[in-house]
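Provided herewith is a single structure, encoded as structure tokens, for subsequent inquiry.
When the chains are written out, they are named A, B, C, D, E and F in that same order, and each has its own residue count from 1.
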Amino acid sequence: MSTISRPQNPEENLRVKSVFDDIRATRGSDFINNLWYYLAFDPELLENTWRDVKEVMAKPSHLDAVTKELIYAAVSIANSCEYCIHSHTAAARAQGMTDKQYAEFLSIVSLAGRTNNLLNGIKVPVDKEFDHEKIIEK
Amino acid sequence: MSTISRPQNPEENLRVKSVFDDIRATRGSDFINNLWYYLAFDPELLENTWRDVKEVMAKPSHLDAVTKELIYAAVSIANSCEYCIHSHTAAARAQGMTDKQYAEFLSIVSLAGRTNNLLNGIKVPVDKEFDHEKIIEK
Amino acid sequence: MSTISRPQNPEENLRVKSVFDDIRATRGSDFINNLWYYLAFDPELLENTWRDVKEVMAKPSHLDAVTKELIYAAVSIANSCEYCIHSHTAAARAQGMTDKQYAEFLSIVSLAGRTNNLLNGIKVPVDKEFDHEKIIEK
Amino acid sequence: MSTISRPQNPEENLRVKSVFDDIRATRGSDFINNLWYYLAFDPELLENTWRDVKEVMAKPSHLDAVTKELIYAAVSIANSCEYCIHSHTAAARAQGMTDKQYAEFLSIVSLAGRTNNLLNGIKVPVDKEFDHEKIIEK
Amino acid sequence: MSTISRPQNPEENLRVKSVFDDIRATRGSDFINNLWYYLAFDPELLENTWRDVKEVMAKPSHLDAVTKELIYAAVSIANSCEYCIHSHTAAARAQGMTDKQYAEFLSIVSLAGRTNNLLNGIKVPVDKEFDHEKIIEK
Amino acid sequence: MSTISRPQNPEENLRVKSVFDDIRATRGSDFINNLWYYLAFDPELLENTWRDVKEVMAKPSHLDAVTKELIYAAVSIANSCEYCIHSHTAAARAQGMTDKQYAEFLSIVSLAGRTNNLLNGIKVPVDKEFDHEKIIEK
């Protein structure tokens, strides 16, 4: 169950069609995933969301493509976003992630969940040595 | 303020000393960060936590060192663990992360926060195309 | 799957019947949603929960009804409570929320997810200018 | 402690100056809060973040200004973003929020935290009656 | 920095005084912690919050006092509520929690953070054997 | 839908068989729940996860068995981990938790969600009286 209806023929709206065309061209694929169909209920929200996703995920980058998808998936797991977990895990695989890398990703994400709770529970004070300004002064 | 006291001379306990020695040897540094000092209040908790951190973060790996720290930091941001954010951002820098990479990391983490809320708000159904079993059958 | 069974004839219990009657009277509708049926397994928990919901959501108010439902839905999205997202989005519509308002709500909720992660990632210090006591002194 | 340094004279960079000028003009105030100073370490991240905040929060709107700030603050509370809580609570006051409205806001946000946990604990199934498609068919 | 001011002489308001008197009587102590001072800015919010805390935490109970505080602290850690973590950890100690129990509590809370992320990452399907209705049918 | 496939005959791998045998022996039951089947895709991840779960949950303990499961379930509710909520609520029942205790558990977990949001919203300063070091000095 979704809180809005999937529009029937969203591309009859020219703003929607323009975004969908750009998604297809950017990805080199005809497949448009559900996110964009549902967002088509409001062309402005669709346009802004796609613009930001394209800007961050599809532009020339200082991080490799698998790393970017894994960072995205890590946040999505911590936020319990089922759709995002599936879409970005699938994207990481499509970018070449191996099973070994995925197992290692899961071990890091779960270790983080463990120490996050441990440190938030004790409220360990942050070491001065982690201070960026101190580090760059050296 | 922390929920436990930082032990005064924790290495008088031999189990603690053994863990601290292994931390120094593994990291090639004399610096022991606060996390381990506080955990020394319970040697068993200290041993288990260090064993798991070492196992995941210090072993030969299928992901590069910066990527691992960024995945860790991403989860820590989503969980609001201040200590973990500082320690793993500092570790990523120590592993060679550039300012450009950090800016890109922040843009991915914040984009994920954005679309996590958007998709959790609408409850967009997950596309069948993301199903791993379907993908490997092809 | 739920962790408790939906009671068969909960209104045979007079404490439950009394709460259900008050829900119907307060809302002017015969429809009792699942939340209350499940809570009926423990009449005290049912009574306390309904009392608090009625007190906050059904009393004369300083905020309009759509705003109240949207604040409720916003927290529920951030907490990934599927039931709460659906019930309070439906309630906002029942109170007159338009599609344009809903799209704007989604854009605010997702922008908040974005900047929450950005600021928690950087740990930007809070401006003194935001301090309520300083503001009222002026 | 922050993970990046606050740039000293950020407006010497023309892209940064242009964003700061637009913030001042949009808000009709010379005050630039810390968020923007810190983001100035990466002009692209600064530009994109401001563009999105301006687009959502400063444009003509279908929700009133206090409501928008309260929705923003509600998500920020659920995500424990201290900076965001302070900035958007202060903004709501600046837009005219009264103490009575703030108390009511707090009561809704905390009631949501309560029932979110209750329903996530029991995993109450979502009522068919909340389905948007069923509602619009009637 | 807080979003509201701590009222100067809150007990001049009789509704506030009545709640404070009940807190002192219930706890058998003159100490009133900050939470109640700050909530005194709105007597209704103060009354409702205290009523619910008293009802749940101070009534005759089916769980022992340390267990109740630990469950409270566990949720507070997962939600990063610094105040709540400190108040309920202190309360657990006041109820007799030992250092050994606290270390074990921390190991459970952090293990939960670990497997929560692991299972949310993989989206392991829930076993039918966990279904309460099936269990009670046997 | 899961992000990995459930291995067909996982016990053909001797490392997997060894873990499964230990799970059966430790629990005195032939039932192996889905978590372990899915983790079998990576024997190392399976081994480490089981080792930690066994260490924390199955060892001689300073907390009783129901309390341990309830602390686990409390964190899982706050993190919206559906699988973990079901498995640890079922485990608490198997350890003897009554319906009355479960209702009380739910009332504590939901009260915590309420006051977590309230205190995170106001940012009430932590009382010095909660400081462990001050308490032990007395």
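Throughout what follows, contacts are C-beta pairs under 8 Å (C-beta built on N, C-alpha and C of every residue); 3 or more make two chains touch, one makes a residue touch a chain.
On a predicted model such as this, the values are computed, not experimentally measured, just so you know.
Chains making contact with subunit A as well as with subunit E: B, C, D, F. Most remote chain with respect to subunit E, judged by CA-atom centres, is A. Taking each chain's centre as the mean of its CA atoms, B is the chain most distant from subunit C. For the copy pair subunit B and subunit C, the superposing rotation over Cα atoms measures out at 180 degrees to the nearest 5.
Per-chain Cα centroids separate subunit C from subunit F by 27 Å.
Inter-chain spacing, taken between the CA centroids of subunit C and subunit E, is 20 Å. Along subunit F, residues 1-4, 48-49, 52, 75, 77-82, 85-86, 89-90, 100, 105-107, 109-118, 120-123, 126, 130-132 each make contact with two or more other chains. Within the complex, the subunit B residues that touch subunit A are 1-4, 31, 33-35, 38-39, 49, 52-53, 56-57, 61-64, 67-68, 70-72, 74-84, 86-87, 89-90, 93, 98, 100-101, 104-105, 107-109, 111-127, 129-132, 135.
Contacts from subunit B toward subunit D in the complex involve residues 80, 85-86, 89-90, 99-100, 102-103, 106-107, 110, 113, 117. Against subunit A, in their complex, subunit E makes its touches with residues 73, 77-78, 80, 82, 85-86, 89, 105-106, 109-118, 120-123. Residues of subunit C that touch subunit F in their complex: 1, 3-4, 41-42, 44-45, 48-49, 75, 79-81. Across the interface of their complex, subunit A is touched by residues 1-5, 48, 52, 55, 126, 130-133, 136 of subunit D.
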